[in-house]
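Quick heads-up: structures coming right below.
Each of the next two complexes has subunit A plus one other chain: subunit B in the first, subunit C in the second.
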Partner chain A sequence: MGKYILKRLFYILVVFLLLSLMIYLIYNMLPVDKAAEQAKAEVSGSKGELNYDERYEFWQKQYGLDGNIFQRYLRWLGVYRYTPTKEGEKGYFNGLLQGNLGESRLFNKPVSEVLVEPMKNTIFLNIFATILALGITIPLGIFCAVKRGSKRDTAVQVGTIVGFSLPTFIIAIVFIWLFAVVLNLFPVSGMATAGSDSWTSWQKFWDKMYHLCLPLIVMTFTSLGGMTRYVRASMIEALSMDCIRTARAKGLREKVVIYSHAWRNALIPIVTLVIGWFLSIFSGSLMIENIFALNGIGKTYYDALQNNDNEIVLALQMFYIFISLAGNLIIDIVYGFVDPRVRVNK
Partner chain B sequence: MDQNSNKHEKIDNVFVRVGKTLWNWTRRMFMGASKDLANQDIFEVEKLESPSKLAVKAFFRRKIAVVALCVLIAMFLFVFVGPVIFPMDMNYTDPLQMNLAPVMSMRSVPRALRGNIRSINGFSNFTVGVSNDNNLYVWGATEDALTGVDMADFPAEITEGNVAYAAAGRDHIIAITTDGKIVGWGDKSLAQYGENKNTANPALVGMPKELIDGTIDVSKVDSLTCGLQVTALVIDGKLYMWGNGSACLNLADTLKKEYTGVQEVIFSNYYAVVLFKDGTIACEGGYFNFASASSSKGTKVSNFTSYLATKKVVNITATDNCFGFLLSDGEVLVQSASRYNEDKIPTIPAGEKVVNLVSGTRHFVALTDAGKAYAWGHNDYGQSKINGVECDAVYAGSYQTYLAEKNDDTGVSSPASYQNGVGYELEDSYGLRGYPFGTDNRGRDTLTRIIHGGKMTMTVGAVAVIVSSIIAIIIGCLSGYFGGWVDMLLMRITEIFSAIPFLPFAMMLSYVIRNYDISENMRIFIIMIILGVLSWTGLARMIRGQVLAEREKEFVTAAKSMGVKESKIAFKHILPNIISVILVSMALDFAGCLLTESSLSYLGFGVQQPRPTWGNMLNGANNSIVIQNYWWQWLFPSIFLAIATISINIIGDTIRDVLDPKSSQEK
Partner chain C sequence: MRKTRILSLVMAIVLVLGSVALLASCSKEVEYQEIDPADAVAHSDFTSVYDKIGSKVTIDMVKEDANGIATVEVEGKTYTLGMDFLSMAMVYNTQVPEGNSAYQSSEDVYNEWWKLYIQRWNYLCPEIPLYSNQYFDLYNGKIANFITTPYWSPADAVIAATIEGENTQVILGSSTDLSGAFRSSSFGKSSPGSSDLDIENLTSGYATVQTNMDGALVWNMDALEAVPVATTNEDGTLTYTIKVKSDLKFSDGSAINAKNYIASLLANSTPVVVEAGASGTSGLQLVGFKAFNAYTGEGETVYFDGVKLIDDYTFSVTFTADYAGYYYTMSYASFSPTPLALYLGEGDIVVNETTKACGLNAAFYATEEKDGKTSYKTAAQILDNLKWNSNLPWSGPYVVSNYDESTLTATLTLNPNYTKDVRGKASIDKIIYIKQVSETQMDMFTKGELDVVAGITGGTDTKNALKIVEESNGKFKETHYDRAGYGKLGFRSDYGPTSMVEVRQAIMYTINRPEFAATFTGGYGAVVHGPYYTGSAAYKAVKDEIKLNQYTYSSDNAIKVLTDAGWIYNEKGEEFNPETDAVRYKKLSGYELSADNLNFKSIDSKYKTVKIDGSYYMPLAINWYGTQPNDVTDQLVTAWQTNPNATTAIGMYITYTECDFNGGLYGELYRYEQYGYDGTPKLNAVNFATGFTSAIYDYSFNWTINPDMYDQYQMAFIADEADFWENYN
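For the complex of A and B:
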């Protein structure tokens, strides 16, 4: 098992490097030159005292933008030294590995600082959404599989095909219309009531939950369609196995047959799905955060793209890729635990 | 010869068979297949049918799938034929028609008014008419979706049979009752009627006190006209004007002059022009000083004011941008820069003399003494397609033209006034009927945009699916068939691509290409490619799995032993065997691509405004005002998108079930 995990780890690392190179190359296609901007601002402010070329070179070195694209890439990763600006000095490392994600142009703060608060919100939102979605879809999927072909199953099937055919934003708009505008139960958007700064932390928490209700409902609803169908399909597959027939022939109670025998077998594809889904909602919540104006990383990413805050874009893109690869790794490992055949093969 | 007829017979046969099959399908769809099956001879030897034929039959036996297929085909026709029928000007905007709710009654004159018209007047989306028995009617988009003010809710002062005059502005109506009371309703925040409550705004001029409280002598009213948010009333040659000075830039200057002997005042979107009873005109603010005008004689009048000095003006009228003048000798002058061909006055046939001139927002209508109407100007809605239609009176709404004829046969006359007691019967109406799906925040028709947006969404989706399928087929076939290091390499590449989070990455790529100066078409093409390149991994894995299973079969061994080239085996022998799986997956992917395109466009990183797609039409719909008040702006695009994706998914699911031999066994 340990060897298997190591192998996967190594492989994921290679993929991460390749992807980061790709992202960095794409990032370099943007027609921005930080050093030139900085140098220009300095020279025009100095009333002709400074030499533009000299300053440009200085800022290039400062930002680690001199040299060819691979040197720059490696510097950005943090495995290649910056060119020293003074003679006799040794250059320093300052990249992703050192925890430097660059500086946000919009906030004038290091990106890692900017992202703390949104990250908290997004993780909070996603964990809640996962719990809700799993709590509903798994029992519903099992129910549909057991009562296959019944009227209730057909109704759920029709409902889920509608659910997974509709894009998130349409569901969100309909839900806002229904719950926020017509029924007036929840706020339309935002994360806190205006003037809630002076409230106690307990009040603030409930206020936040109140604002997150509608986004959570929408996220849960959008996941219902695909997940229920998936759980149902794998459960049907499991129920048609020979071992189930044997279990029934032995005279086991139906509950035991379903939850102990069939469910175990259905679990393997579901585990993949659940982890994959949990990670995909990080990028999926991008939409929800924008619709409901929640201060999450999706919203931050969107705002950064709108405002040409390239460092944040780069950092978050790397984060999304990291999450996705980590998810793949976790799926592989969990697979190894759940399904012994995988370990033996590799 | 014989061969030829044989060929014809064959072709005929094919047609007959296709027709029969189609007929059977339709019949089975609506009447069920049981009768058919019952008629079959059960002792007949069962014919052997190919799996694909069986699958098609099984597909058409499922009612939901057939309905979904019909809906999808209808939708394809709708979005690909529709743009030909409903062309769209992408950069069109019309502030007057912003955010209109679905309405189709913009030129439906109420039945009770039709036979007895005294006047019809409209400035924007609703039109007021007064019948000769002093009844008031309002039609068109009367309700403001945001404020909920309904122009058709008359104030208490208006009762049956007591309205003498009425005129409509952009958002207000002014009426004079038979007992001399001046009544206004609609929006009054910009001093459109009543007292000026908003004294902080220096441009606003309130309604004169004596008009608010007192009554006037109705028989002495010369004219009542409304502009955008302004009103002018002339009583016995004395001019009263009030309203929003920003909608009529020379309002204050005109009022300062304290004119007498006035006949009428007319408003364009910017200025007021005064017509005096002696046939002269005045426009304060020096607007006409050096203006030129086009004449119906086909010439250009360079110095317009000096030209008019020797002439007598009998009637003036105004569109949004242009003023029209009717001179006593029948000449028509149109002044100002026209945007919608308002200055292209048609040649009036010799012997006919223009006796009346009216105008809508962007067009003019002239009536000659021979009883013929001519219209020119903006013609997108067909309001100016009249050229010599016989009638006795002409009226214009904003984008509508109404032609009427006299009940008795006494010939053409100028429009009926309160006193002369002639009613006209509506003969025909032309122009804008309304918008079945409302308009958006720039005054564009939602239906047209849905049609064109659907075309764009479907095209982007289809191209993306084709691109992704081609990549998936190549990679899947190669890696499945060859195995070994090729498989290893290609699968690692697949994994890398599948690790890319779709939405953020597509947004980033779109953001990067936004920084390059390329044409909009190129941008859209790149977006199609991006969508395709990012979504092939799932299909490629599936194809690989299928190929792995197929290549162990005997026919591949046979082909190999016959010395068929490897690549030929992969693409010509194995691929056809798995094509059904690919087709199902392509159908489902198509729905997926529609969704991703619209998500991307919704966020503003796909196809950009003003080019519509179903996604970007919903852009900006996530605020409560749009969701609540302008429901048609998000509801209709959503419905179309939803129907398209749901039917594609149903069809894809059904095909999968039908092709899967397991599912039919179980039932």
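For the complex of A and C:
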């Protein structure tokens, strides 16, 4: 097992580097140039005093954007020096390997600083959304499988397919209208009540939860469809196995048959989905965060793409690549624990 | 019988021969010749008329004809005043002519130049103004005295606004995220975030110059002891001596003096701030900048000759001769006080005892070895001090009492030590600045989660907003103003058919602009006929005399200007026949034979410049880049690109290429490789917008014909032939 994990980690590193080069090349093809923007802004306000080419060259060196594409990539990675601006200097390393994710063009702050709060908010929201969604869809899926063909099963199928089919932003807007405007149960958007900065920590926590209620309801409603149907299908297949017939024939209680025998067999394909859901707590929902004005990673990612803030986009892409690669490894290992027939070193 | 047969035969032969001859002439192929680059004609001398005679011209020497075209006679020669001349004269030739009672002040002179400038622009049509919309701001009825204008946003208006009662608060919002850069929203950036700028405007004050409600620059007499004295020195430089009041205080009660006003100017003219990420060119216009900016802290102290500390509350700044006659020099005399530590860190200002010039001490330039390079210690200190929670005081009517990075919400409370300024005296206890979402902002507003919704425009949104106000029984109110700016169709006026004024005029004639504006704005907007805002002081001063062609929608007028300008050929070099020919051509001559024009073609290659019998003919084809997503683009497709009155009726062909904003504007219009330009000119027209949100109306250098500055400064890529000195000599 240990050898296998080491091997996989090595593969992760190689794939990560290859993908980082590919993505860096792609983003450098986009027509955005931070140095050109800065130089143009300076020159246009200088009434002929400043020379554009000189200022452009200056800012290129400042931002590490001089040289060819591979030099820039290696500089970004942290294995190639920045061009010294003073005579006698050697130039310095300041890239990914030194913990520098770059500086945001829009915010003029290190990318790591820009991403901290959105990531915290996204994880906070997604943890609750995931727990809520799994807490509803798994029992619901089991219930539908056990009561397959009944009116309740049909009603759940219809309800979940509506949530699954409608676009998230439509559901969000309808729910805002219904619950926030008509019924006045929740605020329209935001994460805190204006003026709550002087409240106690507990008050702020409950205020935050109050503001996140409606987004959570929308997120749960839209995710019910997929997982419920998946659990239902998996349970139906498990319930039709011979061992279940044997268990019933042995006179076991129905609850034991369903949860101790059928559910364990149904869990095998479901576990990969569940782990995937937990890994997705790092990725934000663009629609939800935009409509509810939540300061999350999805919105930050979208804004960065819109405004060509490539440093943020690159940093997030690299992060998600790492999460995906690590996540695949975790899934493979967990699968081995769930299903004794599967062992990774075989 | 035999004679009849012979006659019939002869007639048949004649008919057949005639038909053959006719067919031969119809199917006669035109022989197109190879385009020869050596045939290109270009200016060789880019000396401008303004450079040669600008300093000799005063406003009273200028004459204008019935169409508003300005001319001047100098040393026996008459010069037509082009865009470069007028834009430069507008801000550099504003001295009041002696003995002329028509001009009482430099403002009168400026207004007259402004009028001539607008009239020339109106004639040349470097852009087509499509619509100028109205903006509506809704606000909570509890707020009184809330007035917004193009120059006063809600963040300015709220300072003079009042609310009855105690512990009052207002919730403002913006769709732009706060970033925390409140002490200086533009530090290290090419442009500030609008929401950060709002917070900065609310928390900084006592500036020597401010913008009033109408957009005019005024001295802030709440901070100044007296109106600053402007002295023109013997060497042509200009010195402003500024004395501030002695009882001004920061939010923590500490005193403000002259050093606080010049600390930022000095620090932001050094390489230390460059290391912190800023441009370091704050004092570019002042005497001694180059030497001071080059000083790195090694060797003897270098003082900034143009910045002097006269006493504790008095300082002076001296502008170079280039700026001495500048109409808006006052804008350069705008300084705001900052805590010394903000930009100086542990450093301090030092004063030359003899000259009173200011410099910065060794502590400011102190260095350290960090991560393998030598860094200025102060650079890192500046970045720390610029944070909102750096314990440094604020100078404005409000202070940032809290900023929640998680929810992007800022809370501002009244600064008890602030008096007042041009905006008024702040009285609302708390301002909360939140993130708002455009899609749900009206719901937030009606529920009380937001007190002001600004910038509502367009027919549907405006009608809905006004309905909410009407049905609220006073709970909500509105204020509105005309936009200082307009949506437009811009041109590359040095390439293809759009390099000719008559073509641009023809396009102007064939877009029904009043209808376009009414449709787009839903009736809440108007049309302008030049680059002006009807609420500006200059326009108000000259509106009764200004001569502007309104280019009333008319294909006939378009055809007339085209035919008068020589667009009378077809692709064979023959006379254009509207019945049979689709697109007009023009025989190029003189500077029209530019290299770009010889190689001009429509995007789909259907039409291109051709050479026939040694002459070049250019097609009337316009390559229009429509930015998407954009409702204006969608409307232009109908109103212009596919409108028969604008195309087939006048012999014009318009292609439409969809593009995103950066690619269309920065890539194809400005031709920046960094934004995707591939080196081949393609674009003739693109739709975007322009705004006059600054009180300063100055477009000097923006119409330059100097090729070294052309790409960086030109705003419409039009090298006005009237500006070329060689055309007169």
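One rule holds for everything that comes next: the second predicted complex is superposed on the first by the 283 of 346 C-alpha atoms of A that agree within 3 Å, B and C clash if a C-alpha of one lies under 4 Å from a C-alpha of the other, contacts with A are read in each partner's own complex, and residues count from 1 in each chain.
Here, a contact is a pair of C-beta atoms (placed from the backbone, for glycine too) under 8 Å apart; a residue touches a chain by one contact, two chains touch by 3 or more.
What you see is a predicted model, and the numbers here were worked out from it, not measured in a lab.
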Between subunit B (first) and subunit C (second), which does A:180 come into contact with in this model arrangement: first, second, both, or neither? both
| message | Once chain A of both complexes is superposed, is A:313 in touch with subunit B (first), subunit C (second), both, or neither? | response | first
- Is A:139 in contact with subunit B, with subunit C, with both, or with neither (first, second, both, neither)? neither
Which of subunit B and subunit C A:99 touches, first, second, both or neither: neither
Ask   = If you stack the two complexes on chain A, which partner ends up touching A:170: first (subunit B), second (subunit C), both, or neither?
value = first
Q. So, A:36: does it touch subunit B (first), subunit C (second), both, or neither?
A. second
What is the contact status of A:321 with respect to subunit B (first) and subunit C (second): first, second, both, or neither?
-> first
According to the stated criteria, A:287 is in contact with first (subunit B), second (subunit C), both, or neither; which is it? first
### Message
Tell me the contact category for A:44 with respect to subunit B and subunit C: first, second, both or neither.
### Response
second
Subunit A residues where the subunit B and subunit C footprints coincide 31, 173, 176-177, 180-181, 188-189, 290-291
Given the complex, residues on subunit C that touch subunit A span 169, 171, 177, 179-181, 187-191, 193, 274, 277, 279, 281, 284-285, 322, 371-374, 401-402, 404-409, 411, 430, 432, 434-437, 439-440, 443-444, 446-447, 449, 662-663, 666-667, 672, 674-676, 700-701, 709, 711-713
As the complex stands, subunit A meets subunit C at residues 31-33, 36-38, 40-44, 46-50, 52, 62, 84, 86, 89-94, 98, 103, 106-109, 116-117, 120-121, 173, 176-177, 180-181, 184, 187-192, 194-195, 197, 290-293, 295, 303, 308
So, in the complex, the side of subunit B touching subunit A is made of residues 492, 495-496, 499-505, 507-509, 511-512, 515-516, 591, 595, 598-599, 602-605, 615, 618, 621-624, 627-628, 631, 634, 638, 641-642, 645-646, 648-650, 653
Per the touch rule, the subunit A residues reaching subunit B in their complex are 11, 15, 18-19, 23, 26, 29-31, 161-162, 164-170, 172-174, 176-177, 180-181, 188-189, 280, 282-284, 286-287, 290-291, 301-302, 305-306, 313, 316-317, 320-321, 323-325, 328
